[in-house]
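Before anything else, here's the structure in question.
Chain IDs A, B, C and D follow the sequence of writing; residue 1 opens each chain.
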Amino acid sequence: MAGNSFGKLFKLTTFGESHGAAIGGVIDGCPPGLELDFDAIQNELDRRKPGQSEIVTQRKEPDTVEFLSGIFEGKTTGTPIGFNIRNTNQKSKDYAHIKDVYRPSHADYTYDKKYGIRDYRGGGRSSARETACRVVAGAIAKQLLASVSINAYTSSVGDIFLEKPYQALDFSKTESNIVRCPDPEVAEKMIQRIKIIRKEGDTIGGTITCVLQNVPVGLGEPVFDKLHADLGKAMLSINAVKGFEYGSGFCGAKMKGSEHNDLFNQDGTTKTNLSGGIQGGISNGMDIYFRVAFKPVATVIQKQDALDNAGNIVEMQGKGRHDPCVVPRAIPIVEAMAALVLADYYLLNKMYN
Amino acid sequence: MAGNSFGKLFKLTTFGESHGAAIGGVIDGCPPGLELDFDAIQNELDRRKPGQSEIVTQRKEPDTVEFLSGIFEGKTTGTPIGFNIRNTNQKSKDYAHIKDVYRPSHADYTYDKKYGIRDYRGGGRSSARETACRVVAGAIAKQLLASVSINAYTSSVGDIFLEKPYQALDFSKTESNIVRCPDPEVAEKMIQRIKIIRKEGDTIGGTITCVLQNVPVGLGEPVFDKLHADLGKAMLSINAVKGFEYGSGFCGAKMKGSEHNDLFNQDGTTKTNLSGGIQGGISNGMDIYFRVAFKPVATVIQKQDALDNAGNIVEMQGKGRHDPCVVPRAIPIVEAMAALVLADYYLLNKMYN
Amino acid sequence: MAGNSFGKLFKLTTFGESHGAAIGGVIDGCPPGLELDFDAIQNELDRRKPGQSEIVTQRKEPDTVEFLSGIFEGKTTGTPIGFNIRNTNQKSKDYAHIKDVYRPSHADYTYDKKYGIRDYRGGGRSSARETACRVVAGAIAKQLLASVSINAYTSSVGDIFLEKPYQALDFSKTESNIVRCPDPEVAEKMIQRIKIIRKEGDTIGGTITCVLQNVPVGLGEPVFDKLHADLGKAMLSINAVKGFEYGSGFCGAKMKGSEHNDLFNQDGTTKTNLSGGIQGGISNGMDIYFRVAFKPVATVIQKQDALDNAGNIVEMQGKGRHDPCVVPRAIPIVEAMAALVLADYYLLNKMYN
Amino acid sequence: MAGNSFGKLFKLTTFGESHGAAIGGVIDGCPPGLELDFDAIQNELDRRKPGQSEIVTQRKEPDTVEFLSGIFEGKTTGTPIGFNIRNTNQKSKDYAHIKDVYRPSHADYTYDKKYGIRDYRGGGRSSARETACRVVAGAIAKQLLASVSINAYTSSVGDIFLEKPYQALDFSKTESNIVRCPDPEVAEKMIQRIKIIRKEGDTIGGTITCVLQNVPVGLGEPVFDKLHADLGKAMLSINAVKGFEYGSGFCGAKMKGSEHNDLFNQDGTTKTNLSGGIQGGISNGMDIYFRVAFKPVATVIQKQDALDNAGNIVEMQGKGRHDPCVVPRAIPIVEAMAALVLADYYLLNKMYN
């Protein structure tokens, strides 16, 4: 219980089901005096919203955020920021067929076993719709951390990989295509792949890489609240995520120490950065980069066996309007969660000064 | 600050530096009436202790735990369990040469920048010696969760991989060899590899796979405190960890939904288990399995450039007695952290009944 | 920062300013399957709302709660319950005269010094309007704790005291008069006193006594989270509260041990109850009772000196519609906070079973 | 469960039973670089220790603290400070007679009902011996808050009251007498009273007043974590405390607003200070003062009925060496808890700068 808050000092609490009256949240701990750019907030929501392109779900929902408190004359006041996003495009009838059915690889079964009751419409609380609230809070965290650059992008779709390291990329191109891959050629391949998958009524997984630049030295609180441990938890809390690695990651596990060590320059920077900008759980001022694995969306528009709550195997077919690949819309969510982690540690770190 | 506690209901707080008087901790929230098997606790410490075999550091330290409270006539009382492990084999002189030097890919630099002061001896607080305290608490958590099986093993050393899936392994063989790989043939290759690396004065990375069986349905608290998110944070908080994946993990990101979905049996189990025993952040009763990537130990017995705190590049050579590969001794740490996560959610879950 | 949440397992987070768009909150951790009585919730809000009688503020505000999530087909689902109460009767112009002025014994000065910015209208976040959100959450907590009786009542207004002990009172009469004192004769004196005070343009303090009956044995988590310590914090967090005592309270500090000890009956109950139902921070099954002191409302309709933010002393006169005595409307707030504390410990206590 | 930690940023976790091997704790979050005065820490322990004068328990225990970590070359390092105080004067045999007996107004009964098992020797975890750990942490917090003055003193014993307001007292005289009342004449009366009570084999209650001066403006985090709410919780968590009031306290509840309001001076200070230095839960820079009520110690050296765990009423007589009045030894505990609250908010407040 009570697992719907994230962060300690810059703390987000979210609520809301996919097909209830509204989703929303409370941001507690945002410092006072921050002049908010509301267009920037809405822009982040627009990057996440359904219906934005031909490779995402065609459901239309405006995702307009209403702020209810904590802001006065355009500035944060240091008091909690409450906000709502109304659910306007719920077609609950779309879900009548799953009322008593557990879809494979969805959370229907586990929610039912844990809580004994669930709002089955659109996945209820387990729907990724909840992440819109994270995007709102993350957009404010980004404004708090104005000097930090946070750039996520699609680094693979299925077996199409963007092989170039992030240093060779121009992040300003990420938004230039609908799959959000900053390399236009690879982006085109990814888009074609998703279109084919969609036509097949299937879905496909992918990975997102995220790069955090100009992060101050000293963020992270060992031994348990290491910066990368909280980044990892943040990413793993996003729907459909199956893995997280930072710096050299799983590749680093194949290396020798003599290859892996990052030698220093005289100014404290390092010649290489296999560490991924974090040493001993504390940021060292180098770029932080990490990669997040997303499984394919479980809802496929093909016939599948499901289980009903009477213990019968029943045939069902995905209805509704679903994403063939979650990755393009997850980019702003990854960035938002990274911003929330950094905001928390940024405030914590003020105690050392 | 205050990042030295883990867990909410079954909560561990640790303290201690590598070369201080003692390390230790407090376990708060262990239920009363648990009859403790002290030999089992010491056995876990022995699995982690230095000097246990020829492929780990040759430092000798008994790692004997003294319990100070919370236990009466052999049983837990529900009050906090305080414990100490005295540091008996500190050779602080070994570290005089790094007093003013930041070793590459260690936490020397970041601790100094964050705190402005550090106990440089043996890495101080950033030393993996701290994990002995986690092993103590994890050993108690395991006893609380007597019906759950927790088995970790070495699944790779450098590029030597144990390819068999966990279902094909006999976990009772894990402790039969010094690298803790349950396949004797692969184990032998790993051991030889580490011996060569050691002779070279180098180090090597590896991965650990961990399998949790008989976990009750319903553990995990969405949307932020998903079971796998906390397992991920727990693992990423261990020294040298660079990555975490569960279920299909990064491979799942290449798959299609039609391949990835786990179809149900009538009893609620699933025919496949790419989900890794967790759906929507909640355990579904199937086996939970995950993989953790460890980088190579940063201390190599070769000459390397380091940075001193006056901004000079200085040549240094690793001294002291270090592990050529961290993985064999990290097995009980991975299991301990998994046990701590499960114990916490096991207690939380009691609220639903 | 981040001080707007209360509770650990049954956790309330509130937001909202007196004259913003809305106040509201999120209840995280309410167990699933609780069938809610919405009339009972609204009834609690009505007990707190302005304009309910001639001895409270004449401001009219319906205080209608809208639930946005966490409830499905009338029952809680175990997911967070988000709710809003729209502000409908804000007369912001009433407050233009205090934009740059710090009223004596209000929070204007401290909010300005702490945050550097404040929503001055109606006291902003420091307004007792926020407590309506506590009443909503408390009303749900009461329903969770159906077997526990929670009864607060006015035990003094100025120097008019209800001398009878709570055992001699009929709580069903508390709501029979507008001052909420269960003794009709004393109630009448209190009402007359408040009417006179009001006519004088002045305000007056008072105390509330609260009795918790049928509380299970075993609630409270020593050594810091003692049941009475959290009840005390809960009460002291209510606007205008200056003191808290339970059981024998301050009178007990004058007594001898031989007088004060509560001797046992054979069934574990005690012959006297100076302990107030709590021993060592843990409920013992006897009635819990405590008393809360409220200062007089700071806004008086008399001329007073105030300070402006340029450092000038300026004369001002209270405008707007204020309570001559806060106690009658604070009864449901005291009960709500008591219910929140009990709900939290009730859930925590499930771990022992 | 897990109720043995206090504070968020400057966090103390304690462990230990009265007659176990040791008590101790971990202070997590103390900023680095603080040069510790160890004599000052021991001095605070000596103010609390048994056997210090003829009006306290004659039990002798040196209460020597051993620091195990978090301190390097005399300075804090920002890592957790672990410490032990060995129990050296346990006479467990003294307690064999209460093994199966619940003493009236002790925590024996509630601990047994809650946990089902208890270390009955000397009260086990419920013993005030645990507060020695709070004194250690509080002594360090005091050093962190070097510019703040924290002065507690005995303001009543039974019905002997120190009537003078704190402004008329010379705190330097508090330690000049064994009852710790800064007015020598009143102190003498209190001492005589305690001596008589002691001779009678009885005990007596009392109150402590505490004054916090030079507290920075802005400490406290509304709406729940108001500064006085956390001070109240801190005090109520001390053994034997029955009440807390600050500023005008319970007397304020009898007053009119026109009498109670604190009018401003031009510099933001106030002419009176009935508010007690806190407005809206935030310190305003004026003196903070509060009063704490302690019940008489439950152990009397007179025959009393008790209950055994088979449901029989049995006659018992207090043995062992107990305090006739807890107040003189509780002075450093009250100061320590106040220091812990202030340290936490002092660190939190750094986020606003």
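The definition used in the following text is that contacts are C-beta pairs under 8 Å (C-beta built on N, C-alpha and C of every residue); 3 or more make two chains touch, one makes a residue touch a chain.
Predicted, not measured: the structure shown is a model, and the values here were computed from it.
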item	value
Intersection of the contact lists for chain A and chain B	C, D
Chain located farthest away, centre of chain B as origin (C-alpha)	C
Chain centre separation in whole Å, for chain D relative to chain C (CA means)	27
Centroid distance [mean C-alpha coordinates] between chain C and chain B, Å	46
Length of the line joining the C-alpha centres of chain B and chain D, rounded to whole Å	39
Overlap residues in chain C, where contacts from two or more other chains coincide	1-5, 8-9, 14, 31-32, 78, 114-116, 125, 347, 351-352
Of chain B, residues touching chain C in the complex	8-9, 31-32, 78, 347, 350-353
For the chain C and chain D complex, residues of the former touching the latter	1-6, 14, 102, 104-107, 109-111, 113-116, 125-126, 130, 156, 158-159, 197, 202-207, 217-218, 220-226, 228-230, 232-234, 236-237, 242-250, 252-268, 270, 274-276, 278-284, 293-300, 302, 304-307, 311-313, 348-349, 351-352
Sites on chain D touched by chain B in the complex	1-5, 7-11, 13-17, 20-26, 28-29, 31-33, 66-70, 72, 75-82, 84, 114-119, 124-125, 347
